[in-house]
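Chain IDs A, B, C and D follow the sequence of writing; residue 1 opens each chain.
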Amino acid sequence: MNTPIRVGIVGVSGYSGMELARIVAAHPALTLAWVVSDKWAGRALGDCLPVADPAAALTVRPQAESGEAFGSVDLVFLCTPAEVSLALAPKALDAGTRIVDLSGAFRLKAADYPRWYGFDHARPDLLAQAVYSIPEATGPDGAGSLRAARLVANPGCYPTASALAVFPLLRAGVIEPTGIIVDAKSGTTGAGRKATEEMSFSETDGDFRAYRVLRHQHTPEIERALALAGAPVGPVTFTAHLLPTRRGILATAYGRLRAGKTAADAAAAVQGFARGQAFVRAAKPDAVRLHAVVSTNRVLLGADADPERGIAIGFGAIDNLVKGAAGQAVQNANLMFGLDQTTGLLGLAGSTP
Amino acid sequence: MNTPIRVGIVGVSGYSGMELARIVAAHPALTLAWVVSDKWAGRALGDCLPVADPAAALTVRPQAESGEAFGSVDLVFLCTPAEVSLALAPKALDAGTRIVDLSGAFRLKAADYPRWYGFDHARPDLLAQAVYSIPEATGPDGAGSLRAARLVANPGCYPTASALAVFPLLRAGVIEPTGIIVDAKSGTTGAGRKATEEMSFSETDGDFRAYRVLRHQHTPEIERALALAGAPVGPVTFTAHLLPTRRGILATAYGRLRAGKTAADAAAAVQGFARGQAFVRAAKPDAVRLHAVVSTNRVLLGADADPERGIAIGFGAIDNLVKGAAGQAVQNANLMFGLDQTTGLLGLAGSTP
Amino acid sequence: MNTPIRVGIVGVSGYSGMELARIVAAHPALTLAWVVSDKWAGRALGDCLPVADPAAALTVRPQAESGEAFGSVDLVFLCTPAEVSLALAPKALDAGTRIVDLSGAFRLKAADYPRWYGFDHARPDLLAQAVYSIPEATGPDGAGSLRAARLVANPGCYPTASALAVFPLLRAGVIEPTGIIVDAKSGTTGAGRKATEEMSFSETDGDFRAYRVLRHQHTPEIERALALAGAPVGPVTFTAHLLPTRRGILATAYGRLRAGKTAADAAAAVQGFARGQAFVRAAKPDAVRLHAVVSTNRVLLGADADPERGIAIGFGAIDNLVKGAAGQAVQNANLMFGLDQTTGLLGLAGSTP
Amino acid sequence: MNTPIRVGIVGVSGYSGMELARIVAAHPALTLAWVVSDKWAGRALGDCLPVADPAAALTVRPQAESGEAFGSVDLVFLCTPAEVSLALAPKALDAGTRIVDLSGAFRLKAADYPRWYGFDHARPDLLAQAVYSIPEATGPDGAGSLRAARLVANPGCYPTASALAVFPLLRAGVIEPTGIIVDAKSGTTGAGRKATEEMSFSETDGDFRAYRVLRHQHTPEIERALALAGAPVGPVTFTAHLLPTRRGILATAYGRLRAGKTAADAAAAVQGFARGQAFVRAAKPDAVRLHAVVSTNRVLLGADADPERGIAIGFGAIDNLVKGAAGQAVQNANLMFGLDQTTGLLGLAGSTP
């Protein structure tokens, strides 16, 4: 039997951190050594969150102690805002600890930070070192470099759904690489765990709207993910919308159909891509729905095309907190440590309604 | 044609204030002279809220200006926390302005404030002067005193639904006045317009729970409402629950069936009570539902009984923001100024789904 | 005082019919003479639906009696499936009664019916006679012909939202007329009042998905609406999605930005279009939301553009049952009878949450 | 390693059957041998439902084949209407197969069926043989008889939540055994998987109401469960309400406080009961919420009391499809076959929002 891989989680009281603790607590090869959250500091994790033993017995530590704790684990998950991840990552690396960062701190090129994140990136050296990984897209090479990676930039929720909705169509030459539009819709947990009036139930239930139109920071990340996957594209138009539900993202992606391509080609592109992928399933477009992916690490994809309109449409559905955050983080951690990428993730079999 | 009655609203940016502005703006006999809210100060009301012209053109005033504005209106609606209402009411009365207060500031006896509201009431003289009015229950006498009232304590949402669910059964002698239990469920707007994590969509959607168990401040108000209606009762057990919907209250009330009384007596009590009441309808228990009352000033009542179990059950449904707040406030204002109590309220015909 | 215009409604028990009854019952110039529904036949309308008196006292008639009733009214609203409207319209016209048809029976050219509706249109003569009217877009000419129209094809919900999201950008020359994509999302009432497992709460709550991808019958209607509005376009790509909410449509429309055009041009196009329109408001893109239009006849529009991506985005929000069905039907009826188009519709002031 | 226990599921396409398939597919000691559903007959289970391999590869059989299949398994779960369970149970028993029946067919005494289920029970001999088991309440004896049981009557969802909310208070002598009232609220999946207009999203979202008032068939089952648990009670008043959410039941139970008992006694009763129970947790009343139990086999209990009002209130929350159906069925199956009762159930760690 192998030595368990010891992990820590910083930011366990946010939605991604909570979901991560739940998955890690039930993971056969990862052992949760400590968890950090100022909000829950001093309480037993099991009193804050429904996690399995023995993780439930851990006492949550304050963030001030995270630095000294880094040395005691093999891997730390940073479920923290980008600015905090930027401050903590060097400390963890100095302590010899590998990192999966769930923030946007290490996902883009340095030049993109001022426009999309509003700050100059202080550590371009770490950016150069960070491995961005959607295993199904950035693929074998990404996975190869994951084995050696010290710092993994875990993808954002929208970019995961969006890149995976588009990538099969690009890879199969069904659509042009320019003029791609992604119209995406997310549940409310994508906005994080916040106390704001606009995210209150009274304001959100029964509502639907777009937000951060043409300014969403996930726009360049979609472009980068596709480039890293070997399918470079022109500037992508991305629109985020807020759904009156808690979990799940549906990305509806539009691409210009290449001459001679058909609806059958679009469907075949998705089916071919899904084949052999543990977490990807192909479905008819109207079966690509949130219910089929919520609480799982699955990606459900579909596609159709209309030559008369010169358009192909790709659909991608994921759970924003699992495949879009914590699940993919564990999938990446599995690959970093030479485990099967599905370890601890197939049991998340989702739920009937 | 009569001179319009000029009214002001303090606290227009809360849910009750918004609903009140909407109703007053379309009211044939009330004219909205000014509205006050620090949050919206300086903006046109129509930019904050979908209200009809000319109210839409009003510029919202800061709260600091409410004092000087009192003299310019015949009636002010206070949609403010109890503490603020306590501070503003004397100023309005000094300015000769009549008041409908939507807070709990003037609903109870002085002796009840320390336990249920957590403060000593500084103005028992105003409490003595205040008229508490659920027109259907506190009835002709209440309405009579409303004509002369300077200060009306508008009932709370739960007490309105609860007292009306129970009152017909008491009035008709179907249940005993002791051992009454009200199990009530409310939509989220009942909690006001707040930025808290626990009221966020992510935390509330899909959830249901009780709150303030055995400590809710509406408990003594239910008892008082029934006493004022001529149906004094023993201590009432009241439990509030939070529904994952925005609007509406359903009160399920349990009373001890008096000897010889039957299910038919319970149903007849409600039908008899509803007869001739403009806003009250009797229905079968499973038709007493939120959809039938939301966005209206209606009260839907039903009742059943089981002699084997010695129990009668009364059901009452209202919209917490209309009959439970703004609509009843206008109903009371109508009675204060000698108008038909339904003026401006029947047009709120509710909505299909 | 004018003679009231007598109207009948066939199909009053569906969601559009219910909403129409509610609006007509409170309309100052229309009088509801009769209502038809097999489902509710023999019951008082007020027992089925919260409508104002005297409409509440009407006894609902079975559909078999609708033919003989046509002659007794000036106008009939057909809230029936396309096949039923096709059968009833000739009878109503023969009886000298004018028609507003809320189905798709008279909205397209005959040649479009086999592909999009699955039947050959039996009455191309009626199609030629029918006036299709979104008053804000098909505009003065449409309104002119409405004055004389015998048969008005009331637009579909998606086409209303979609055409209005796109039209200002086309009219102002901000976007090209080709390559337009509309990604639209609707509440569940858009699917009608149905007993199906897939539309059950358990299956729909928490879910989101597209449906009828590339085959939705509203696709050619959007193209036709824009052509009739004087802005002919190439084939439009249209995708419908089902939101987990009851009411409202948001259409997010993408068009190719014309050379030299900017975000300011896009915003100005919408503001210019909204000016002077009773039901249209311009807003920032993230304020174009369902809450602002639900239960009203309003259209909320917004737009933005990104020259780097060569794209403009138009947003349009409406209530699918009001501006997308019953409200627009009354707006068209107002214009048919020489009334102000807003008569009976401004009181639908919507609701706070 | 032990021989796996082979099981079959009849009625796999209903909500309880789906949940059961999901749990059994991941259970370490149960092997899913076959599944039956006319609706899904001929399809691969994995195409109908997100279940783990190898269950996903099973071909769903038509119900006509269930009889012949009984002999091939050690245990069959009947997720069928009571009438169907009554017909199938004898066949399974004849084939030597043990049964966990999730319907109401074997839960009551024969005399109770005409009034509460509307039929005369044809097999009182099977009723006499059936073991009714809520392991936490009917306890060691129940578990003992489970080891030998051929036919287990799995409790209903409401009775599980209701009996467990009340039982600790009875056991500890905090409340009287007469005059107990249970006001319960359930998500929509409790109504089963149905195509009815009243259960459609458009009719249910935003609504709340009681149903089957004083006639719900779970009423006598609550009384019987408590009697079997050693806490016989007088007739219980039970009211069911429909929540606008998919999963979860909250039972709010009222009992008459015995003289001298306090709020502390009520809380202690629940804490004492929860101690050492694998699936039961004690919490403060306002923390007994659906979010804490949905998708798990947990029971969350709380209690409070008010001597002034002579009342104690017990709260119980469960997932209606897990602890209220499929999870408890597996818990009972575990006990029937000598496994730890938690086997295959602790991994259902629930979910963050």
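The rule is short, and it goes like this: contacts are C-beta pairs under 8 Å (C-beta built on N, C-alpha and C of every residue); 3 or more make two chains touch, one makes a residue touch a chain.
The structure displayed is predicted, hence computed values, not measured ones.
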Partner chains shared by chain A and chain C (touch criterion as defined above): B, D
Same-site or different-site touching of chain C by its copy chain D, using the half cut: same
Most widely separated chain from chain C, with each centre as the mean of CA atoms: D
Which of B-D and A-B has more C-beta contact pairs: B-D
Inter-centroid spacing, chain C versus chain B (mean Cα positions, whole Å): 36
CA centroid of chain A to CA centroid of chain B, Å: 47
CA centroid of chain B to CA centroid of chain D, Å: 39
Junction residues of chain D, two or more chains touched: 15, 189, 202-203, 205-206, 244-247, 353
Complex contact set, residues of chain D against chain A: 15, 18-19, 22, 25-26, 49-52, 189, 206, 246-247, 292, 295-296, 298, 321, 346-347, 349-353
Contact set on chain C toward chain D in their complex: 15, 188-189, 191, 193-197, 199-206, 244-246
Chain D to chain B touching residues, read off their complex: 179, 181, 183, 185, 202-203, 205-214, 235-237, 239, 241, 243-248, 250, 252, 254, 263, 285-291, 294, 304-306, 308-311, 313, 315, 317, 353
